[in-house]
Amino acid sequence: MNRLINALLFLCIGAAVVASFAYLGIDLGQLGDSGNLNRMGAYAQRFLSPDLSPSHLKAIGHGALETIAMSALGTLLAAVFGLVLALPAAGRFGWPMQSASRLILNALRAVPELVWAALMVLAAGLGPNAGTLALALHTTGVLGRLFAEALENTPPEPAEAIRLQGGNAVWAFCYGTLPNLMPQLLAYSLYRWENNIRMASVLGFVGAGGLGQMLYVSLSLFQEAQASTVILAMLLLVLAVDTLSSWSRQRWVKA
Amino acid sequence: MLTRDTRDPASGPRLLLCLLAFVLLWPGIHFSELDLGVLLASDSQSEMGRFVAAFWPPAHGDAFIELLLQATLQTLAIATAGMALALLFAVPASLLASRALSLSAASRGGQPGYWGQLLRWPVRGLLIFLRSVPEIVWALLFVRAVGLGPTAGVLAIAITYSGMLGKVYAEIYESVDQRPAHALLQAGSGRLTAFCYGILPNVAAELLSYTVYRWECAIRASVVMGFVGAGGLGQQMDLSLRMFAGGEVASMLLTFLVLVLLADQLSRLLRWRLA
Amino acid sequence: MTLDLTQVSVTHANGVQALRGVELHIGAGEQVAIIGPSGAGKSSLLNLLGTALPPASGEMQVLGERVWQLSARQRQRLRARIGLIHQAPPLPPRQRVVTAVLAGKLGQWGMGKSLLNLLHPLDVSGARAALTRLDLSDKLFAQCQQLSGGQLQRVGIARVLYQAPEVLLADEPVSAMDPVLAEHTLSVLCRHAREHNVTLVASLHAVDLALAHFSRIIGLRDGQILFDLPTDAVDRERLDKLYANEQLQPSPAPPSPLSVQIPRC
């Protein structure tokens, strides 16, 4: 019986795949015919000679710094707001506050960064400011939820001991809860930052600054040579972040 | 005055760290042109207010619902078709890239041969390259190459996710006990049979659950990719945003939320069922 | 009287009655040891005196105040004058010893000082002095998670010494220390209490330590006071009766170590 259900499930998955191709009307044969491949090859060839002129490299450097700054500030803002929202979301101020803040966090988290960026471009105009705000909004939702979970899992005894000595709730939190919580909060924030650098490099597609905006503009102007340099820069940025994070994780978090 | 009695050995590093953070963040504020005040400025507030006010009620005309349904189905189809194509490439690539099937490793106590290592690197490099370029960049490129529409989305997902799946699959093969496969290889079986009998039984559940989880990610990605013209819900959302049609944006956001929730539940069900 | 209990009963949240009709009066500057088998209610009695537990019935006064009729604000102010030493000091593993000790005065410090102290320890010499008395000054800047159970207990004691309360309550303060260290630590506590005219109430597992250091002994069994006598009047017979067929109880599981998890997506 179990095997039968599993076999049926695989059949369903297969059917879903076939139906998807049929619905989209993608003809892989036509896509792979020689004329089409030739056109795509010719298009790809134009990317093979990246523009490495100093002025363009300088512009890319500026774009990369903008990307990093957007992600760092977005994550920092999100960590602050996330913690502010996580306190009620962990049930510190009673259940009405808890459900309200959970609702806010879920709503912030559910809307993808790029959609937030498109909305923020409408509100704050083109440029990196919109991207920073978009990252901050989405990341607040993500970090707030993670922080609230961490907060619920911290042992309450140290904070209660401070209360028993006559300290108020704020000191109980700062001296009893925060020392245990801090490494976890840092780990979560760094992990999100790593994600956000990746996101920040593409938010520019909707006009929110950074490398993405450069790529979008140069592709729209059919400057493939310039575009390929931007893609290379993105690749380098992502690889650097990956290496750095895996190194720092081995170095700091495991210990 | 700091005497030995009152000095804190951690204060120096702490002060340095604060200074460093400040020095790094100050230009960051300049580069990101951060200005929270813009959200509170009256003109942008009134404009945003009008836009957000139009969110209610969400658009629900018959024609629009029809369009929404089409776009949602398209999004799902893009994710599924993209994953299928990605698997076609990822499975062979992961077998090539993994050290688990090294013949020389089987006879040398787990240490693969020098040449085998050298041959595996190009495949690994290709996989890393494919996954490191964000999918939306691939989508943008394919929109220029094959035109607007879902085909670009499917190809973009296929390419990025084949890199992700291939790399993770290869790592999963290496993470399990290698002795069964080595024993089979030493007994003279072929590599593929050794894989099927020695490694696959141990990794099948993890492979499946990772694939299903990635399919869920692909659905989110296909929505986002629509913003550069790769079809699906995202493309419709981009159009509505440009037309300041708040109600349409609202119902599309709601649809997106429902879609993500459903995909989450379905993937949980599949993982529970198959694992 | 510093501590006054009249016919006090305590019932835990799970319905277990920990203390029944306890009658206890302790004057200022007295040094009292509470002994008794495990599960007799020693911890409950100390937590009650430390205002961590409300009594289910009966009258209770600490430092002349009816604790549970005060407003929350007044109760916090009163609590700053009571020091409770926990058997397993609830110190955050990642906190540094110096911060943990200085946290003793949080109830007396103002807003700005407490906040600043979090970033930079303000009274290193005070913390060092408290730790030196317990022979632990070399661990001043170590993290709490690097210390052994006995060292942690001494950090907990140092924190209360630094707090300098008027009532010092100690729940098995030396249970994780070797005999020599336990002897030394108890004499430090008693001397401190004598010098500053502090009321000291300690629960102890080791009867010989209680007899050697305290002038008044209270025997507790099944949530009731079996005897309350000067040390000279405690004889073999009473002790045998106190500890008659004591049941072995499993020790509580140690708290799980802190782990940092990272989600995948």
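Per-chain residue numbering starts at 1, and chain names A, B and C are given in the order in which the chains are listed.
By definition in this document, a contact is a pair of C-beta atoms (placed from the backbone, for glycine too) under 8 Å apart; a residue touches a chain by one contact, two chains touch by 3 or more.
Just so it is clear, the model here is predicted, and its values are computed rather than measured.
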Centroid-based (C-alpha) most distant chain relative to chain A: C
Chain whose averaged C-alpha position falls nearest the assembly-wide average: A
Whole-Å gap separating chain A and chain C, where each centre is the average of the chain's CA atoms: 48
Rounded Å distance, chain B centre to chain C centre (Cα mean): 53
Between chain B and chain A, distance of the C-alpha-averaged centres to the nearest whole Å: 10
For the chain A and chain B complex, residues of the former touching the latter: 5-6, 9, 16-17, 19-21, 23-24, 26, 31, 36, 39-40, 43-44, 62, 65-66, 68-70, 72-74, 76, 110-112, 114-115, 118-119, 122-125, 127-129, 131-133, 198, 201-202, 205-206, 209, 215-216, 219, 231, 234-235, 238-239, 242
Contact set on chain B toward chain A in their complex: 24-25, 27-36, 38-39, 44, 47-48, 51, 73-74, 76-78, 80-81, 84, 128-129, 132-134, 136-137, 140-141, 144-146, 150-151, 154, 220, 223-224, 227-228, 231, 234, 237-238, 241, 244, 253, 256-257, 260, 270, 273-274
Residues of chain C that touch chain A when the two form their complex: 50-52, 76-84, 86, 89-95, 99, 103-104, 106-108, 111, 114-115, 118, 163, 255, 258, 260-263
Complex interface listing, chain C residues touching chain B: 96, 98, 119-121, 124-125, 128, 141, 264-265
Chain C-facing residues of chain B, complex: 5-11, 14, 213, 217
